[in-house]
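Notes for the one structure printed next.
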Amino acid sequence: MNAKPFHLNRTLLILIILLVVIAIWKPVALIYGFQRGGLYALIALPLALILGIIGILNLGHGDFLTLAMYIGYLLFENLKIDPLLSMVPLFFIFLALGMGIYMITIKYVLKSGELNQLILTFGISMVIIQMAELIWTTRPRNLYVSYASSSVSFLDFSVGTYEFLYPALAIGVLIALRLFLKKTKLGQAATAVGQNPRGAEIVGIDTNRVYFTVFSISIGILGIAAGVMLPRTSIFPLTGSPYTLKSFALVAMAGLGDLNGILIGGITLGIAEAVIQSIPGYGGWSDLVFFGVLLAVILTRAYRRSES
Amino acid sequence: MLKIEKLNVKYGKIQVIWDLSMSIGNNEAVGIFGPNGAGKTTLINTMLGFLKPESGRIAFEDNSLIGLKTHEIARRGISVVPQERELFPFMTVEENLRLGAAYIPHALNKVDENLDLVFGIFPILKERLKQQAGTLSGGQQRMLAVGRALMGSPKLLILDEPSLGLQPSLVIELFQKLKEIKRLGVSVLLTEQNVKQGLKVIDRGYVLENGRIVMEETSQKLASSPHIQKSYLGV
Amino acid sequence: MKNRTGLIIAVVGVLSVMISLPYYSGAYFLSVTMTILLNMTLAVSWDMMLRTGQLSFGIAGFFGIGSYVSIVAVSNFGVNNVVSIFLAAAFVAVIALALAFAILKLRGIYFAITTLALTMVFSVTIRNMPTLTGGSGGKVLYNTIFNGDTTKIYWLILTMALFTILLSIVFEKTRVHYAISSIRNDEVVAKSSGINVFKYLTVLFVITAMIQGVAGAIYTQQYGFAYPETAFSLDFLMLPMAMALVGGIYSTWGSVIGSVVLGLVAEYLRLVMPHGSKIIYGIIVILIILFLPKGIYGTLESKLRTTRNGARK
């Protein structure tokens, strides 16, 4: 995992100033963006894990999320499992799915180069999208639970309270992941593999086992994210797709291996998106925030590298 | 303790190692000398399981190593100091050292003992305990790599071109340390282009040229051999 | 010599069959052929870029831009339909050239992801310029090209496909090929042997983007509409990729064979299962990467080569 691309302190300072300005200018956008940003971070964390440790960019990332939401929807419709509760079974179902996908596909492209890896995960992405279309068609599904639509009023505006779960869960997952990487033997091995896979092998670390674990846990986390998103998200075959690139944007922005940076970045971009969305007539451009940041980050890095 | 017989290794379509046989005895230090591109690193990568040989046998303590994964070979008691060092750059010196033992079952209960041993040989590592490995100087990184390898309580320590990129005074220091390590009862396999220094440490040496062993002699005989003197020592 | 005569006869034969196809083929088969030729064009152009070692996910992006330039030129500015295709080519070329300076320094994941992100940027931009592009409601063309004469449209698509194949062969058979594959194999070596890596990448990037833009323009002219979802649909990335992979990457004939084989298979599947038949493309891509990374043509070629070598021994 690479060094941090910027100093956190300076970034934090700029961030705080910006936040204060936005808080005065558009308080609703600030809160809304904070909630959404938490969700972005929650979804980006597992992508960062797979990219940072296995070195594979999983282009099917957002589509696993879609699939998890469909399964959560089925659990709710058929077994009356509350979406928030369904996070638990979804985590385990997707942990198992991650294991399976790793064993039958990822394992075989570990050494076959970036091109093949990208094409493979792109293929997985397409299979999930088309499968969703085949089974559930493009008709959106929505799921209603009363607690998800509660809101709280400040001064003269109101914001949804349910969405505060997003940043809360993101922080929870972040803490759990950091503990895993720092305190468990497998987690330490994963950190070592992320920094130097060859070095890890010569000190006796079974890299294949690390990759297997990291991949399955990451896909499992998407199950958790899907559970929390269910009550407030319309589900269709492309629901999750945009999150792949958005997650990558966050990882690129934070730098590989900087999990905290993903949370900060996610909230920042979430707020930026919400602010643009709140400007009448220009809301549609908010989608460009992530892609713009992604391109800017990648291009400045490439430029700097060619300079030095 | 290590026995290689009739080993043939291809790298892509090019054959790099031809019918190579060699052995290392208990607590013996063996050197492999040869020019750049002779196949020294390929040989080591094959022993470590990074490359699969076309044919031949590699046995460590009478068990075949062929087909084993690199981490399994490491757990059998073979530690390596690779040419590129392969440290964990964003971890501290201490974390690097501890990782050297953490996944080797027989080294787990000897961590403290081995740490003391490593600090005894390389006091500088103790001073830099909390420093990130990536920020160490080249010489210190090499020492850390040796230290990390020792943490695994190896029976066989392999060093691939340990003098590469080090300034001469450090090279001399490093080879003195290697003598100390050998006294611990560890077998050593060393590949070197710096034959002069290498000869001071080893008991016996092979000369590898174009993927073939062209000479096998004790250290004294190698030092006096005309071929070695002409091609490697520049006498 | 005998071989060469045979080759010429075969080429002339295939060409005359292809050119005269509208005279004896039914409308249905003709439309299937047009779809295959369109995807073939995209597949070959994608593979041309891939031969430099750069995986581009930008097909859909340039395809979409070409689509929109052409339809906007005709319906907003009254440009002639045929001219609008050239206009689309020029427009895409300018964009690609401008982008080239920024993104051709990138490699691997970063190049791929940037081209994918650019596709999204293009589609968001188009969607947010409703006065010009119709926004997310899309745009319909009332005066289609050649007044909807399928035969002429077929010839147009055939010309595009043949031109692309020819260009790809030229790149394969000339000095360019050496430069391109050396960039893919080892860029440092390529640079040190005096190859201007950036120049070759730029030329290829701009040319393949133009081809993709033209394909988008012709597609839009053929069907007479453009919506952000369809013009920038990742199908135009997935299908050609799958075709090139099935046939075998890094070769013109691989993509050509792949698009014919997969095009026919897909058409059949579309008939038996109208929904979600595209799942087959994804599955095929995965299977090819896992089991047959050289594709049909590549595998046959290397099999032939080894048996020939074996016979010589």
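Each chain gets a letter, A, B and C, in the order it is written, and its residues are counted from 1.
The rule is short, and it goes like this: contacts are C-beta pairs under 8 Å (C-beta built on N, C-alpha and C of every residue); 3 or more make two chains touch, one makes a residue touch a chain.
Here the structure is a predicted model, which means the values were calculated and not measured.
Taking the mean of all protein Cα atoms as the centre, the chain whose own Cα mean lies nearest is A.
Taking the CA centroid of chain B as reference, the farthest chain centroid is that of C. Averaged C-alpha coordinates put the centre of chain A at 32 Å from the centre of chain C. One finds 43 Å separating the Cα centroids of chain A and chain B.
If you average the Cα atoms of chain B and of chain C, the two centres end up 51 Å apart.
Residues of chain B that touch chain A in their complex: 48, 50, 69-71, 74-75, 79-80, 82, 86-91, 99-100, 102-104, 148, 152. Those residues of chain A that touch chain B in the shared complex are 1, 3, 185, 188-189, 191-192, 195-196, 198-208, 257.
Within the complex, the chain A residues that touch chain C are 57, 105, 108-109, 112, 114-116, 118-120, 122-131, 133-135, 137, 242, 245, 248-249, 284-285, 287-288, 291-292, 294-295, 298-299, 301-303, 305-306.
Taken together, the chain C residues at the contact with chain A in this complex read 50, 53, 55, 57, 102-103, 105-106, 108-110, 112-114, 116-118, 120-121, 124-125, 127-128, 234, 238, 241-242, 245, 273, 275-276, 278-279, 281-286, 289-290, 293.
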